[in-house]
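Both complexes shown next keep chain A, but they swap its partner, so chain B is in the first and chain C is in the second.
Right, the complex of A and B next:
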């Protein structure tokens, strides 16, 4: 590889610029809208959970960093709630949809994957581990999630998002 | 010695970048951007609304004098309402509390249409002009088509040459720490022949190790025979 850093990084920066301009959106497996519509059959009105200081503190403990925004959009009916969450794996955001029913994760799907490695987290064989999981009293999952070689950070991000979805669901029902 | 130190330190940081908090970080320095051949763009205009000012360039925003994030889209406007303000780009709408804290970032599914062409304010709240029409919302949750036309649209204000230069410095494009470490570790940072130099150093290190082992073991083996 005889790439000069100038050239290789200029190419990288072009890609970053394109990403910033919205030209490159990562690997979109399903539009978040379509995910919500699939869960409910139709698209219900969005609701918002305002992150109070207390919720922010608990969310920060789950994520390992403060939540990015002060309100979280979600969709729900009497039993289920849908949360579209984003978390960084290594360098890029992973967008995932979580369906929570009666305090347990009913369904998880990776909607957009932007990292260059670790996309195996989208496979059902990995995602099925989250099914029926719930929050333990210390806001961890009630089970351990097996990792994927080469996708450790993406797996970690998925686990954090799963915990956050369950936590937000609990907060939204209080 | 220095080279081996660089190799060891960059290797360690690369392996533990997440734990050390380097992932997703950028280094902003004019000389570094020039070294990498990254063209820095000077901002041409600013968006002003009431108490807030936004200048954007090189994927970075200078919002009320504070750098706000990386790899952000070019804004199309900024508006201020009672206790919030909003910045629109073609593909997203950012709602901020008056103190600059992000309330929510709305993307495609949450917007009434895309691309967003302009943002304005009216008595009803936020107004977006999109390819699908003009829409308004008081809470950015539900949008309705806007029929009345009394909208105050956000428009950019030209910057003076001195302002452009000052803002360009503040908005210097960044190089990701991950990329920088990889280039330092592999030698690519030094250009085309950097990796060859690192390869030679690796071979030299291997030779030193082997000859060292040889010098240590051979006298002992000879002594054992006698």
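Right, the complex of A and C next:
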């Protein structure tokens, strides 16, 4: 193909036109505040799970690295709890909200996704796999989660966060 | 809040605890936490700009006190590498090599604009007396307008095949990259250009753009198809450009997709004057699929391509060669495919063991020139069987072992051991 400035300019204009048409706020799909309010109808008072040394050790085993926090905020009523967690996919943090009801994942949503690849994990086809999952005795999920090609690390991060949410829920009710 | 008032609050909280019971203490602890969070927020606001450079400092305890928006300034170091050992069956020779070590810096300028880069060092040592190479594998800017529309520009990977964009050692089976995505699709294939990409619907990702094309005047390898003619951003000849497009559908466990790249490669004889005025259009395309269910992991790919004016390219190679023995017939058509099956037989914690088999076919037909002695190279028609095992000791660290049998070039029959990692 020979260099044709007019054709290239037309292609560029077409691309920019498509870009303008698709302009929406990217990456932040829902503010954590809004997620909590959506689950409970209103935003209840936040509670705090204090990470004792024993909880820290088990959280580290789930994450594959020590948890960076000593206190984890959450919101709950008699049956449900909401956990906003962050974990690195490949190089940036994924922020996800987990609703745990009676020891099982009721709902998962990716709230903020920052990686350049792997954004497919935010769609229901992937997230619905977590529904009704619970912790096995060894703190793994009671089911396998099918991955997304090219998003292995993001999938792993979501799985670790799901396990952590279930574990934290259990600890918060002891 | 000043230190004195925080101390007072702490004193009041704990002094009063016995009188109010557990619930009251909890409430006071929450108040204290809020005060601490307020202090943290104040500290962040008053910090010098240099201290604000890490927008994602882990602060789970005060998640909702900070914006979930994407601040600017984060830089991340990424990388991968692999070590291989090969014992060749026919010759008895053995080699060990640090095949590649790649590191990269990814920088976020702001909520939408990011830089992605990778620098690759091959074969451990780079000097004029060694075979090592230092190369920029990627260096491109991405401007995210939405999930559906990203603009990119710079040196980026061409989205053909599976391996070209996802080539970190823990993500594929076998010590050696498959030959179809080496000799037909020249992984790791990158070009200077600009493109638009994004996810348009649940799981459907597109990528289209315009890039530098190949330069067929630079062809200097007889058994790697068009590979030696890609320009990789090194003072690329830009008389002829190329366009590409790719479409992939992903859902849990499934990937189906394909891509096409096409452009003239003559570059008006910039590298070989015999190609002046020759179009030499190259078109490469592929279709691929991956299906994972339970422990089973199936993958297949078919790639093909044509090089126009192959007779003129063959003549040009002959004209430029120091001796007839250095010349070779240019590739005219390229075809190849593979099928691969793996099964995860053991998975516990980070440990994951998966034996696999792979069968590859490569058919590169050359434009012969019998009068000048330029004939088809037998090694361009190849069948490769690989059987081996990947053992992940961590999702990002893998040990590999396999045996490979070549139907044509039996000197390539070998046993391989490998170690790969990414971070």
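In the analysis below, the second predicted complex is superposed on the first by the 148 of 174 C-alpha atoms of A that agree within 3 Å, B and C clash if a C-alpha of one lies under 4 Å from a C-alpha of the other, contacts with A are read in each partner's own complex, and residues count from 1 in each chain.
Quick note on the criterion: a contact is a pair of C-beta atoms (placed from the backbone, for glycine too) under 8 Å apart; a residue touches a chain by one contact, two chains touch by 3 or more.
If you're wondering where the values come from, they're calculated on a predicted model, not measured in any experiment.
Touch criterion met: A:145 reaches chain C, while chain B stays clear of it. Contacts of A:123 after superposition: chain C is touched, whereas chain B is not reached.
In the superposed pair of complexes, A:153 makes contact with chain B and with chain C alike. When the shared chain is aligned, no partner comes close enough to touch A:99: not chain B, not chain C.
Shared-chain residue A:114: touches chain C; no touch with chain B. Of the two partner chains placed by superposition, only chain C is touched by A:85; chain B is not. When chain A is checked against chain B and against chain C, the one touching more of its residues turns out to be C. When both complexes are overlaid on chain A, the residue A:27 reaches chain C alone and has no touch with chain B.
Comparing which residues of chain A touch chain B with which touch chain C, the overlap comprises 1-3, 8, 12, 16, 19-22, 31-33, 36, 45-46, 48, 68-73, 90-91, 153. Contact residues of chain A toward chain C in the complex are 1-3, 8, 11-12, 15-16, 18-28, 31-33, 36, 45-48, 64, 67-73, 84-86, 90-93, 95, 111-112, 114, 116-117, 119-120, 123-126, 129, 144-153, 156. By the touch criterion given at the top, residues 29-30, 33, 56, 58-64, 68-70, 74, 76, 78, 106, 108, 111-112, 114, 116, 142, 144-151, 162, 165-166, 170-171, 194, 196, 198-199, 202-203, 205, 210, 213, 238-243, 250-255, 262-264, 281, 290, 292-294, 350, 394-396 of chain C touch chain A in their complex.
Residue ranges of chain B in contact with chain A, taken from their complex: 18, 23-24, 35-38, 59, 71-74, 89-92, 97, 101-105, 108-110, 141-142, 173, 175-176, 178-179, 183, 188-189, 191-192, 194-195. Chain A contributes residues 1-10, 12-13, 16-17, 19-22, 31-33, 36, 45-46, 48, 68-73, 88, 90-91, 153 to its touches with chain B in the complex.
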